[in-house]
Amino acid sequence: MNYNVNEKGYYGDFGGAFIPEMLYPNVAELRDNYLEITGRADFKKEFENLLKVYVGRPTPLYFASRLSEKYKTKIYLKREDLCHTGAHKVNNTIGQILLAKRLGKNRIIAETGAGQHGVATATVCALMGIECIVYMGELDIHRQAPNVARMKMLGAEVRSAKSGSKTLKDATNEAIRDWINNPLDTHYIIGSVVGPHPYPDMVARFQSVISEETKWQLEEQEGRDYPNHVIACVGGGSNAAGLYYHYLNDERVNIIAIEAAGKGIDSGQSAATSALGKEGIIHGSKTLLMQSSDGQITEPYSISAGLDYPGVGPMHAHLFRSKRAEFISIPDQEAMDWGLTLSQTEGIIPAIETAHAFAVLDVRKFGPEEIIVFNCSGRGDKDLSTYIDYFKL
Amino acid sequence: MNYNVNEKGYYGDFGGAFIPEMLYPNVAELRDNYLEITGRADFKKEFENLLKVYVGRPTPLYFASRLSEKYKTKIYLKREDLCHTGAHKVNNTIGQILLAKRLGKNRIIAETGAGQHGVATATVCALMGIECIVYMGELDIHRQAPNVARMKMLGAEVRSAKSGSKTLKDATNEAIRDWINNPLDTHYIIGSVVGPHPYPDMVARFQSVISEETKWQLEEQEGRDYPNHVIACVGGGSNAAGLYYHYLNDERVNIIAIEAAGKGIDSGQSAATSALGKEGIIHGSKTLLMQSSDGQITEPYSISAGLDYPGVGPMHAHLFRSKRAEFISIPDQEAMDWGLTLSQTEGIIPAIETAHAFAVLDVRKFGPEEIIVFNCSGRGDKDLSTYIDYFKL
Amino acid sequence: MNRIDKKFKEDKKLLSIYFSAGHPKLEDTLSILEKLQSSGVDMVEIGLPFSDPLADGPTIQKSSTQALRNGMTTQKLFSQLENVREKIKIPLVIMGYLNPMMQYGIEKFCQNCQKIGIDGLIIPDLPVDVYHENYQSLFEKYGLYNMFLITPQTPESRINYIDKVSNGFIYMVSSASVTGAKDKFGSPQTDYFNRIAKMKLSTPTVVGFGISNSETYLTAIKHSSGAIIGSAFIKFLEKEGVENISSFISSIR
Amino acid sequence: MNRIDKKFKEDKKLLSIYFSAGHPKLEDTLSILEKLQSSGVDMVEIGLPFSDPLADGPTIQKSSTQALRNGMTTQKLFSQLENVREKIKIPLVIMGYLNPMMQYGIEKFCQNCQKIGIDGLIIPDLPVDVYHENYQSLFEKYGLYNMFLITPQTPESRINYIDKVSNGFIYMVSSASVTGAKDKFGSPQTDYFNRIAKMKLSTPTVVGFGISNSETYLTAIKHSSGAIIGSAFIKFLEKEGVENISSFISSIR
């Protein structure tokens, strides 16, 4: 089986572009141009150069010796937390801003949950001198205050989404409405592998630098370019897509996706899409999503603002349905505990999103000779007050 | 003239080890061993490997095109803000923790001002599983709250220094007292090129990786391995020492040091040591320091917690006295404005310390063919609330 | 013949009204329909509320949310409409997002529409291409029309394609925007209305989005076969109530 | 002969007291000295206060800060002591950090000490090597002794070196610590006192740091020529006042 997108924008049954006609010209423009533009030599050169001199790539592949010893297996961390702005999100925003410039756009909009994508977007807009508006759920504006401050420092306007659960899903709705209202001059930088085709594929390609580097870095350190397991948290799924990308069709590599169970899968307060979701349409994409029997989209919950999205990208829906990937969901408490554990074992304070991924070590056994690569998708600076309150430090 | 330390621990008239006898064995142990240990192949290998896979080195040398255009000169940023933990400080703590381990120490103490050195120390202690106590001025604990939270997450104990100005100087006194009380098992990781010999030289050597990389990175990008100017902010002077190190004796390179003028040099609330300081002894080192005519050390002031130190390292005192370096002091307001300018021009939110350095662009002219390297010593995450309050964002 | 086609055969410009089923009160659906018909409205779009109506402006969003809170569901709407054709003779269109229909089952949904006497559907997030490929035969099996939107940015070739696939009417979005009432149309809108009129499409066009009063209504119908009012009607309903609907309609034409 | 040497010639163990000049009140210096002398104290260390006394514990830090707030300066102390030798006959030592002395000018400082009749200096942050190389001849020119500290960690070779450079006495820090009162000495301390005693240094040793009461005083002098009390005395002063000094001294011996 092939796990990449097909020419119609589908991953198996999932994907496509279920968009209002008002968005058709914008999405069509992207779909018809993204492969051509991103394939141009000048684009590649500028993209790769910015990733290197501005983002700080390659990010290290760090062998976590204390953690490996504790869990009797070989644990590597792909250090996306060291990217400029503190998470993998910027790989994608660099790519999209270069694309937007070549499409002649002079106004950028974005949605954000944890604020990392908002910061990454505001950053590239500042870098290019382009106007930037970021939609963010009212609840997230409160729980990710440092990132709101950063966006403002960077000159972006942060607009509060007050509908629904006041989180990522609603911010995305608002961004789509903005795009509908501003179809000509505006590019919408979606922050994950969600939304209508070509976004999931485009974002995955920009993030694929993660596994591209992992391959040669593993080769350097282990003498072979593939691990036994690749593990990442899944909100929309972009950091996961980036880590999986070059291993999607390599059956030697087991793929593990970690979702947020929130207060527990059966608690009614969760964001474990694969466990609870059914096929449907969200934000222009056919995928798995959490919804009522009547097709109303569930307001998701997770302590982590970057994971409480009621859907997953269509690539992940397909990986789940086809059983190519194992999906595991981790409750708030275990994720928080792992935030502290990783801090005190390796000196790395992870984003709460990222911390979810590591909790798999307590849930599933790995062999002593197995090589695991975790995507350390972001740093925890944005989450300090949540950690401090939670642990009463 | 040679601007490196001499075999007695002096830079010209400055340096030495003016320490209470109680510290003599500790300091002598370091002095007698640091060159030998750091010269060992296994040390170098471990140090360089951790800098690469853990800290994320080399940090990029980023050509800031928008800034360069605005100021009609060629501006490069050495991106120490991309280091793990967010500032150059970790280069030194990695070095010292490896040294401490080889000296058989099992307890680490540190002082911190901005909290960056405290975080960097707590980080390497977590990485090695070693107990860590960080002294921090009570005032700094308040104004750099995010870094206090990070130290706690990392398992360090943060002890409040309540004497004097309740800032860096006082935290340093407390750390020294702790070391006097715990002479056998404890290593004191000083965070800048200050303190008794061999600290200034040792820390400068660990930080010298900054200019080591700058050389080959400039060669790569400009076809020559030296710039016309190297510019850095000076608190104690470690990020500056790192950037200057390999250019100290290269007269083609002009050295510019930026100090914090606080509310103005003549306001009585400043930290502009070179302008206001006289020769004296602080924290075991003969150097320039701000003091009353009676030899009492002045309580310094700067809006930036990492710069309000009443002295400078002896290397810098010598660079000033010998006129090898230009010293310029920048008031709070200009520094803060530059925090915003850099954010909105290049998408990089600098630490307030770092922002001071950039303000030189408004104070001094540079030619269109001149190459300037700024040390972008740290990121501004720790300063967000100061920025937000200041600009009412 | 489908009631929609019949309506367009009449020699008059159409006035169509959109409302969110279940709003203001859960059980208002039928009385709103009756009032609209008796006020002389030509066609009605019954909104099936959705949690995430991303093509809609604040007014319709709010009314959808309220309708869901009131307990509106797909099944509930079908029960309310079970005997609608006893009294309501004007064309009825259900307007809703794809996801609730998918969950209900598209075929079962179409079947129910046919049973009740619904004439067509407007599904903003079902693109014409996907419809054409996957759903058209199903809709036709149950005698349902599917109406598509066009906007000022829709390329001519695509308008022609939509014209070919369409039946009933083409929903001409007045300007590139989400739903919401406007006071006036400027020359960009009238230029666009003109441009489309000159294309002489085989499907009638109806202008929607931004029609709020007699002025915008009159501008809209000058170059098209009719106009749809949504947000302005919902605002009126909230303020003046179901019983006064006729005064809103008479203020328009 | 220097008063310090003379004192050690007497066949008794020394009791020496440290206090911060300018504390509790700015003008207390002379009356404290008089009370100490009349209570039978053998020697006094007059603390020249410093803003950053990094070898001192909380009690001495606090008294230094208070003294500076009261207005104590180097010049002020010299004026207070101008005629001290009219009444005070016991050895007087100034104990202070290097920086204020440097700002005053080391030579001028020494000159003034000589004029007043100060017998020696203790400068905790002036290492023996630097003294030996840069300052010894200056001190000697003005007849000033300089006393050095040793600790349980000081290597034997260094103790011998200090013994050679020293005159007056060697200040034996009771344990590796900053200043501060202790209730008791344990075996690590007595072992250390013993070890040093066995070295038979040519300079007398005086134990300081952590002496607070008769018990610690007696332990200290068993293996040395005397003892210095600082923090405990300052605490007493703060609580009981200058007038009651003699009761503190008599509680010790």
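Some observations on this one:
Every chain is named by a letter (A, B, C and D) in the order it is written, and numbering of its residues begins at 1.
Keep this in mind: a contact is a pair of C-beta atoms (placed from the backbone, for glycine too) under 8 Å apart; a residue touches a chain by one contact, two chains touch by 3 or more.
Everything numeric in this text was worked out from a predicted model, so none of it was measured.
Most remote from chain C, judged by the distance between CA-atom centroids, is D.
Distance from the chain B centre to the chain D centre is 37 Å, each centre being the mean of its Cα atoms.
Centroids built from CA atoms put chain D at 66 Å from chain A.
In whole angstrom, the spacing between the mean C-alpha positions of chain C and chain D is 96. Residue positions of chain D in touch with at least two other chains are not found. Multi-chain contact residues of chain A (touching two or more other chains) are absent. If each chain is drawn as a node and touching chains are joined, the picture is a simple open line. Applying the touch definition to all chain combinations yields A-B, A-C, B-D.
Those residues of chain A that touch chain C in the complex are listed here as 16-22, 24-25, 163-164, 169-170, 173, 176-177, 180-184, 278-284, 291, 293-297. Chain A makes touch with chain B in their complex at residues 52-54, 56, 59-63, 66, 79, 81-82, 84, 86, 122-127, 129, 146, 149-150, 152-155, 339-340, 343-349, 380-381, 384-385, 387-388, 393.
The residues of chain C lying in touch with chain A in their complex are 50-57, 61, 65, 68, 73-75, 97-104, 124-128, 130, 148-151, 153-155, 158, 173, 176-178.
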